[in-house]
Amino acid sequence: MQFASDNTGPAHPKVMEAMLRANEGYAMGYGADPLMNEVHERMCDLFETPQAAVHLVINGTTANSLLLATLAKPWDAIFCTQMSHIEEDEGNAPEFFSGGAKLHLIPAENARMTPDDLRSAIEAQGNRGVHGPQRGPVSITQATETGTIYSLEQIKALTDVARSCGLKTHLDGARFANAMVRLGCSAAEMTTHAGIDAISFGGTKNGLIGVEACVLLDPEKAFEFEMRRKRAGHLLSKHRYLSAQMLAYLTDDLWIDMAQAANAASDRLRLGMAQMSDVHIHDDPASNLFFASFPRAAHKRLHDAGAVYYTWGDVEDGPADALIRGRFVTNWSTSETEVDQFLDILAGG
Amino acid sequence: MQFASDNTGPAHPKVMEAMLRANEGYAMGYGADPLMNEVHERMCDLFETPQAAVHLVINGTTANSLLLATLAKPWDAIFCTQMSHIEEDEGNAPEFFSGGAKLHLIPAENARMTPDDLRSAIEAQGNRGVHGPQRGPVSITQATETGTIYSLEQIKALTDVARSCGLKTHLDGARFANAMVRLGCSAAEMTTHAGIDAISFGGTKNGLIGVEACVLLDPEKAFEFEMRRKRAGHLLSKHRYLSAQMLAYLTDDLWIDMAQAANAASDRLRLGMAQMSDVHIHDDPASNLFFASFPRAAHKRLHDAGAVYYTWGDVEDGPADALIRGRFVTNWSTSETEVDQFLDILAGG
Amino acid sequence: MQFASDNTGPAHPKVMEAMLRANEGYAMGYGADPLMNEVHERMCDLFETPQAAVHLVINGTTANSLLLATLAKPWDAIFCTQMSHIEEDEGNAPEFFSGGAKLHLIPAENARMTPDDLRSAIEAQGNRGVHGPQRGPVSITQATETGTIYSLEQIKALTDVARSCGLKTHLDGARFANAMVRLGCSAAEMTTHAGIDAISFGGTKNGLIGVEACVLLDPEKAFEFEMRRKRAGHLLSKHRYLSAQMLAYLTDDLWIDMAQAANAASDRLRLGMAQMSDVHIHDDPASNLFFASFPRAAHKRLHDAGAVYYTWGDVEDGPADALIRGRFVTNWSTSETEVDQFLDILAGG
Amino acid sequence: MQFASDNTGPAHPKVMEAMLRANEGYAMGYGADPLMNEVHERMCDLFETPQAAVHLVINGTTANSLLLATLAKPWDAIFCTQMSHIEEDEGNAPEFFSGGAKLHLIPAENARMTPDDLRSAIEAQGNRGVHGPQRGPVSITQATETGTIYSLEQIKALTDVARSCGLKTHLDGARFANAMVRLGCSAAEMTTHAGIDAISFGGTKNGLIGVEACVLLDPEKAFEFEMRRKRAGHLLSKHRYLSAQMLAYLTDDLWIDMAQAANAASDRLRLGMAQMSDVHIHDDPASNLFFASFPRAAHKRLHDAGAVYYTWGDVEDGPADALIRGRFVTNWSTSETEVDQFLDILAGG
């Protein structure tokens, strides 16, 4: 009953097999390994952009920060929601990598920004000459930090606002696959054709050991990106082990299968919980993550039974019916058994 | 005949097995995995400092930059040799991580700095009040970038100079094990007992997939280090895979065995080359890396036979006896066969 | 009728005389001039802290940024209101000087933050271990950006919250004197005795050519501050001209006289406007600055007559009674004549 | 007998008069004052480049750092001599402003770099792909830090090397006028026509209170420069006082007259000293600054008589004939009387 994060689960066996296969003999380092050529081709196909600049890094914070630093000037404001990962959970990494750009926070509805709010935020910046921050890139998260997802129309509406102001849009896709399979669209439909310029294409939360692809659909700034990666210590010498993971991910739809499994487990858990009268599901989650509130007494039972998830509220003390908010994240390896066991205990079993 | 770098070889099978074992079930992320506790204990034993702050990162550039940024103020000069990796091969990472500290270059004899040169360099800084850079930490590399090693007395003499000026000393140990086994000393003798304060303890070049330990013998700045690692994107969510590698490395003397194997292959290659009249070995290398010069004609034979190594000089054009300088690096997996084959071809075979 | 900013007016004649006096013969540079010794003594008396670290810089952005960078770590969040000068009008200078700290914006009532909102904001940070930004200093502005002022009790209540969380408080005193004379208190009462730790003590907006004092009541980080000033290019070689201005400012209550004159002019203007039925004064301003709304037709009359002030709203187009918001700032040299002329025109004259 | 620095002397009376004239009534801030328009025109005329981007800042460290940060990427190496002001006396400001660029030091002959050494230095960088720093701008100082000057041919030879490698050249002209009047050339001949791209045009050391012009001959990066200036706190609100100084400087050849006076005083002092058998003049100085060595006993006489200058060597202790090295800097206000008095005492009087 481990629902703390999709990064607490194991990597997929096929990924480990690919690591073993990659561990044969010599390979040139720093991205010059033959596997990386294949990854590049696959990614260009995926995004239907033959010349995209594609680089691998070890995690999402790095992918987001490197891409945003490449898109933003140090005196810019980057537009994102108040609950975005880049604001809340990256220890000021975007500020560090960009040399001091500012995150301009936009109110969120179910963790999504609206085109109107985005336009208002943009208009509130860049109107004081050199005195205020300048308008920089927009960053959205798909699936969002509360498990909701943007429709293709919603993404397009946001990138339209950004483009009408001359701004680029970055997509934090730490849970890219989870959103994509739910929308039933292609990767290119969710990005290239929706007006996105740069993508943090997540793999770590979806069954890899630790790899994300940084995709710049326009390769103009590819060299700048490479220098930013190098001087941030994120160019790996034994790069083949990153390539191998990503190649396995993209082979035989493994990434899609894993996302579907994680989403299905989340659905089973969420729908099971929603049927209980004293449980409230927040927002309208549609990926492999959701927030729910339920009585402290239920939490205590779950906790004592070894269930693991993040909580907000006073779990130690207070009335039995005080509401505790929990975050539940499933991953490709989550079993129906552990979901059902959890539901049983929550139901009072 | 792959001698380009010790990072072009594979990881050791025992390391891969440890990765597979680590890939079972759930594990808390971000360094809270149980394996990391073991790594910490082992490292404290190794350095005979029960409370050392030990953190894992993915490569040497990161280890060096994070440790130096923790030891240096942005307005400091960091003292290192003119051929140090931090100066030449890290794309200004130390400057980036430290917020703009300066590297003060010291002349090198066989890639080692001397205590006198270090003292002169320190005295040339920090004597102009607030106008010039202030005196910051000293960074030495063991084994050095040309394959030479410092004796324990030489290290002690340098840290004595540093301490007499109130400065800390960092050791770039990308090839820590290769130097240590040659000196026949313990890890603590080469560091803790020799006056070193912070160590980049390398694993990547010596048979791992990609892990280095950052060791602060005095844990006072441990939290600062953690925040620096986090905001640089170097805290891994699925941290267990770093811990597993490092634990395998330290188990049953695997790291020592691999360093000895690499050194032995280097000796066989170097001594074989040294017997040839038209080959000149540079410096006095004693680890798994050396530079040698030999006629262009010999290089051409080697190149045509598929030998790989970095070269300096005009390999395309010029007289057959023009000297080409090559860098030769062996690793734990280098076979006697490929060494002997190389020597045969070099000898004109 | 110049009400655009208090930095559009001239310096006081006594300041210019002090500049001329300072321009005699030789003086050691970089703050070693004898006048600076006097400034330091006066400032220590003023803040009733014998050992305060006092340094002069050329403007408020610099004073704020250097002090905040000295108080904050790069991975911290700095707490300030959403309309603070450091957020809106300094071109990301606080982020630049601090190496990437984040500004955490707090809602404001009449441009003041409340202790409850401050406490909520602090509690919302620093609770995600190394993943989120850490809690850094609080920065408040006195008088605020809309002309309101904090009472001594209000300041104390905020610094109590900060101290209870182990945080320092910075006071942006670009209009320090305007607030102080209105409160009828001493400089120390508004800072040292109210729990403030660092002060940007403004002079530029109050009759100087361009000088602010940076005051660290605890001198522990004085040297760090000096190095930050130096490497930011803010240590002046011919420093005597800064000292001379600040010394003249503090002599014979010149700074107090100028602030009273500016406030009196603002009162005359504001009270005059408040009597008109179609004018609305915003917030509860009490310094030399306020915002007011009035019909577009009135704005047009004023503009045609040469009145200068910043506006928000469509001044070019729209109905005559559409409301235009204007910002009005007086300075020590504002004459009753220009105020009365303005009021006449506004009244329809 | 004050020869410590040209920044210890007073500003010229005409400059103070200009300050008083500027102190009348209102003027828009932040560079929008009418005087700045005149300055811009004059500077464009001076450099024979109608569209140069010209911005005023308060000192040379700032001018150098802002211009170099505009020309260099954070991952670049900036080429300069080992004794350049940007390396030795700016407290890592160039590294700070540029976001971590590295200064690559070039050996100097009489403080000048040679085209051959420059070419070697450039070729030693940028040849390791993304691993090493990339090639950035060249920075030369005219007049140099030891008082020597580059001929027009020497400047041209250096910029030819830079341009052949695709690099820009910056001229640190803290003592621009002193060099120019000695060469008997125009400002444009020493810059625009000699291949220079960016100029720190000094005024502070040559009779101003504190102003330098930052000149980008190609205005392409003008806005970037403005944002860099703003976020570094170097955009002055009451900008008219900078404009007034620079305008006075350029009016009626005041700047040329002051430089000639300073050079003449330096010549009188240097030639007088050179006639003494126990005095040695270093390098081949030709501006208003030089280094000389002379016996400790002579230094003691001078010091006791109140002469002020920087020294190297043990002035406190040692034999009477031990050589002390002193730096002597004259300024526009240096009198023949003080020079002659100094020479008398040095001669044993």
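Letters A, B, C and D mark the chains in the order given here, with residues in each chain numbered from 1 onward.
Convention: a residue touches a chain if its C-beta (ideal position, glycine included) is under 8 Å from a C-beta of that chain, and two chains touch if they have at least 3 such contacts.
The structure presented is a predicted model; accordingly, all values stated were derived computationally and were not measured.
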| item | value |
| --- | --- |
| Pair exhibiting more inter-chain C-beta contacts, B-C or B-D | B-D |
| Chain located farthest away, centre of chain C as origin (C-alpha) | B |
| Distance from chain D to chain C - Cα centre to Cα centre, in angstrom | 34 |
| Geometric centre distance via CA averages, chain D-chain B, whole Å | 41 |
| Between chain C and chain B, distance of the C-alpha-averaged centres to the nearest whole Å | 51 |
| Touching two or more other chains - residues of chain D | 74-75, 90-92, 95-96, 99-100, 130-131, 227, 230-231, 235 |
| For the chain A and chain D complex, residues of the former touching the latter | 30, 73-75, 99-100, 130-131, 134, 224, 226-231, 235 |
| Chain B to chain A touching residues, read off their complex | 2, 4-5, 7-11, 13, 16, 19-20, 23-29, 57-59, 61-62, 65-66, 90-93, 95-97, 204-205, 209-210, 227, 230-238, 241, 308 |
| Chain C-touching residues of chain A, taken from the complex the two chains share | 74-76, 88-92, 95-96, 98-103, 105, 128, 130-133 |
